[in-house]
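Right, one structure below, let's go through it.
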Amino acid sequence: MRDIQNENDIRNIPLQKVGVKNVKYPIVVLDKVHGKQQTSATVDLFVNLPHNYKGTHMSRFIEVFHKYHQNLSMTHFLEMLDEMRKKLNAEKSFCSITFPYFIEKKAPVSESPAVMQYVCSYEACSSEDGSDFYVTIEVPIATLCPCSKAISEYGAHNQRGLVKVKVLYTEFFWIEDVISMIESCASTPLYSLLKRKDEKYVTEYAYDNPRFVEDVVREVYLGLDKMNFSYFSVEAETEESIHNHNAYAFTEKTR
Amino acid sequence: MRDIQNENDIRNIPLQKVGVKNVKYPIVVLDKVHGKQQTSATVDLFVNLPHNYKGTHMSRFIEVFHKYHQNLSMTHFLEMLDEMRKKLNAEKSFCSITFPYFIEKKAPVSESPAVMQYVCSYEACSSEDGSDFYVTIEVPIATLCPCSKAISEYGAHNQRGLVKVKVLYTEFFWIEDVISMIESCASTPLYSLLKRKDEKYVTEYAYDNPRFVEDVVREVYLGLDKMNFSYFSVEAETEESIHNHNAYAFTEKTR
Amino acid sequence: MRDIQNENDIRNIPLQKVGVKNVKYPIVVLDKVHGKQQTSATVDLFVNLPHNYKGTHMSRFIEVFHKYHQNLSMTHFLEMLDEMRKKLNAEKSFCSITFPYFIEKKAPVSESPAVMQYVCSYEACSSEDGSDFYVTIEVPIATLCPCSKAISEYGAHNQRGLVKVKVLYTEFFWIEDVISMIESCASTPLYSLLKRKDEKYVTEYAYDNPRFVEDVVREVYLGLDKMNFSYFSVEAETEESIHNHNAYAFTEKTR
Amino acid sequence: MRDIQNENDIRNIPLQKVGVKNVKYPIVVLDKVHGKQQTSATVDLFVNLPHNYKGTHMSRFIEVFHKYHQNLSMTHFLEMLDEMRKKLNAEKSFCSITFPYFIEKKAPVSESPAVMQYVCSYEACSSEDGSDFYVTIEVPIATLCPCSKAISEYGAHNQRGLVKVKVLYTEFFWIEDVISMIESCASTPLYSLLKRKDEKYVTEYAYDNPRFVEDVVREVYLGLDKMNFSYFSVEAETEESIHNHNAYAFTEKTR
């Protein structure tokens, strides 16, 4: 049977990335409390394609990923990437997976338990010379506006927001630890379940801790720096309760 | 050339709707201030299909819509729907269009002008016996939680939300008038541009007007009732600033 | 502590639905092959609110759902709904959960295994008089256009599409069985992994089985009817490869 | 009134970007046929923030954008960006706007007219030393798989896809010209309206012009190179009709 992908291409244009995108797959990742967590991922898998090849073999991406999907700890993720590169005869392989990660969290006063979702991504590029591996963690928070509090007789606008950090993986860490640190930088963390006494606590706590998006990214910057990540970026986006658009701030540690 | 769609179907299953979906088209609608407003719509166009026909003729939907797209006042919208029904030899025709509608709005104290977007839909079904035509209007607002205000020493959680009303069209009305009424039912309307003195005003105004989602839909209900719509529904969904999920309320006028 | 929600409301407007929306939670559902499947859901939880109450108690929804989330078989889902109704002192309770469901599937010739995702929903309303429970299943398929095949010298446009069925639950059934039936009604089922000999098989199979969206919904109608569902609806939407919009058909079994 | 944003920050962390995101605004851009086109945009506006300032003044972004929104030709876009930088006392300003752009297009045989939508973006960064301005254009196309055609007795899977090019703006060009070139690189362009004779033409045309995603990005690369853009990237993503995931290829001109 003819193998067109393997034929010669004379246009002399190498492709940086070719592969499959938006693959939906169940995966298993590590969990600090329960050991393992089964969740569902959106997956992109690419390799580079030299100028003289007409196409890549798309089915091989799924073959390799299928083999690893039940055990995607950070270290197995990199192993999978190496195998993909070799199986596709490529110089570079890329993979990104995005998945909801669930953690049980107690309300601050009543201690009622409920589950929070945090969206996470692993994103890596592997070559013979090694790999770059980034972990992205999204943490929903609330911010209470310091300007609104300062200029108003009473009240202060506050809103839900999302902090997104991207860190360069160099040694193993728990996603849970980064999430806790980020939540401590907000006007208040969010909860899935709050009884009335919790709501009072959270309302007053936020009023006592006003934060601009600018403050949130700076506080998170200090926190990540203390955790010794060699590179990271931080962004925060808040769904301003007085506008129909969002406030945004971004910073990164320069290497 | 063979016309398979026109051939006989023996499975004896009539189809309630068949047609085209997610068509992206520029449209022109009426504007209370400027006479006309050019905007962009997502369009669904359907007819019913009797059990004995194999298929419908999809290109005719676009032909009819194209003819009308530069003039989609509410009355022309119904005319278009009738023409579609006849051209497709159907008993019923359906159309829904969803579009952003823009209105200039001044800040409450500084009176600085800026534009707000409101997402609107027209949705109608036409048959020989007449038509049902619904207009949906989405208005972003803020709510400040009455419970949080009552139980806390200071502050109160507040958040952006969205009110969505769907009214049965019986006679002409301005979208602008429904939007103003809805905004008056919120803890505060939203603005695209607020200077510091506006922000102080809006913050205090919201604190003075706490509203649950339940309150908002009830107030809007009373407002639509006064405007004499014979049928309507109201829903409100707020992006709770202390949770990562939304609060929701829905009611409708029973006919 | 003041309980505003419990206070009297004098506006005389009952609310059909009030509660929480877009809650993200891990859940466990039944799996025909493995017994149980852990996945992640988007959850809406509502009750009705009589005209004389000011508000509902939002935290109770999460309390009840949390108790059941590790065991959401179809029968436990209805139990949960009853408990929610009672705990909220309501006449009616509503719940909908939407989740990706994963099934391993072999390629048609090479039999290479890979996983496919199918989005499913449970949606129910419970009252003292009993409950209505609908299960929705979305199955991606391909259609090859019979008209394009008939009028062209060679080739035929084909595309990915999505079939969505909603069935009234009366007795237990396996989601897997509905999915197999739907896939047999398409020009071809989809696969996550196809080797070259599989691709040849699937290409020719689709060319031998041309289907309009109208054909697909009629074939699925016949299939669901044979499975004895007392009520169901079927819709198909295909991402036409020659247009930038979709073709659509809908039918339902009238009770 | 206190101006907290203007106060001193001692954390010593400069922010690369701070501003407003997801602003919805009507805009007017140039149109090759009609002179001007009114459409609707999603807008992000940022500046950098030196380490010693606590916050930025968010309302000024909207003030500047409002002034320019009725006239956003490529050159006015850059002017707006300069004014924003000065008004915010920043070293750098950033703006991206994304908008649907509409072009009337005739069917290939019947010449029936209808409108196609193409999503476009302007994205620029301005500093005292000049500016980088990128224009992104998304063009929906169809691809017919060369492998499927070669190995199958008859038929070939084909599907809708999206080509996305990003070019560095150095001198004025018409979006329309880039779109035409991209459409000529596909297995077939898409149309909003095709009569039966058009459908026959398009079906056979696609079968005569099989293209992998790899082929499409290489052909578009050659086309952009001929148009003398000094930098560009090209990506193509196709909604594979035999899979539930997409095929993808990316390349860029190295400077």
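For reference, chains read A, B, C and D in written order, and residue numbers begin at 1 within each chain.
We adopt the following convention: a contact is a pair of C-beta atoms (placed from the backbone, for glycine too) under 8 Å apart; a residue touches a chain by one contact, two chains touch by 3 or more.
Computed from a prediction, not measured in an experiment: that's the story for all the values here.
Student: Which chain is most remote from chain C in terms of Cα centres?
Tutor: With centres defined by C-alpha atoms, farthest from chain C sits D.
Student: Between chain A and chain B, what's the gap in Å when you average each chain's C-alpha atoms?
Tutor: Averaging C-alpha atoms per chain gives centres 34 Å apart.
Student: Centroid of chain B to centroid of chain C, CA atoms only: how many Å?
Tutor: 25
Student: Scan chain C for residues touching two or more other chains and write them down.
Tutor: Correct list: 1, 23-24, 117, 147, 151, 192, 194, 196, 200, 243-245.
Student: Please categorise the chain-chain contact pattern as a line, ring, star, complete graph or other.
Tutor: Shape of the chain contacts: complete, all pairs touching.
Student: Of all residues in chain B, which touch chain C in the complex?
Tutor: Residues 1-2, 4-5, 9, 11, 13-24, 44, 46, 49, 54-56, 58, 146-147, 150-151, 212-215, 217-219, 221-222, 237, 243-252.
Student: Within the complex, which stretch of chain A touches chain B?
Tutor: By the definition above, chain A touches chain B via 116-117, 140, 142, 144, 147-148, 151-160, 188, 190-192, 194, 196, 199-200, 202-204, 206-207, 239-245.
Student: Once bound in the complex, which stretches of chain C touch chain A?
Tutor: Within the complex, chain C touches chain A at residues 1, 3, 23-26, 38-40, 59, 62-63, 66, 69, 100, 102, 112-115, 117, 192-197, 200.
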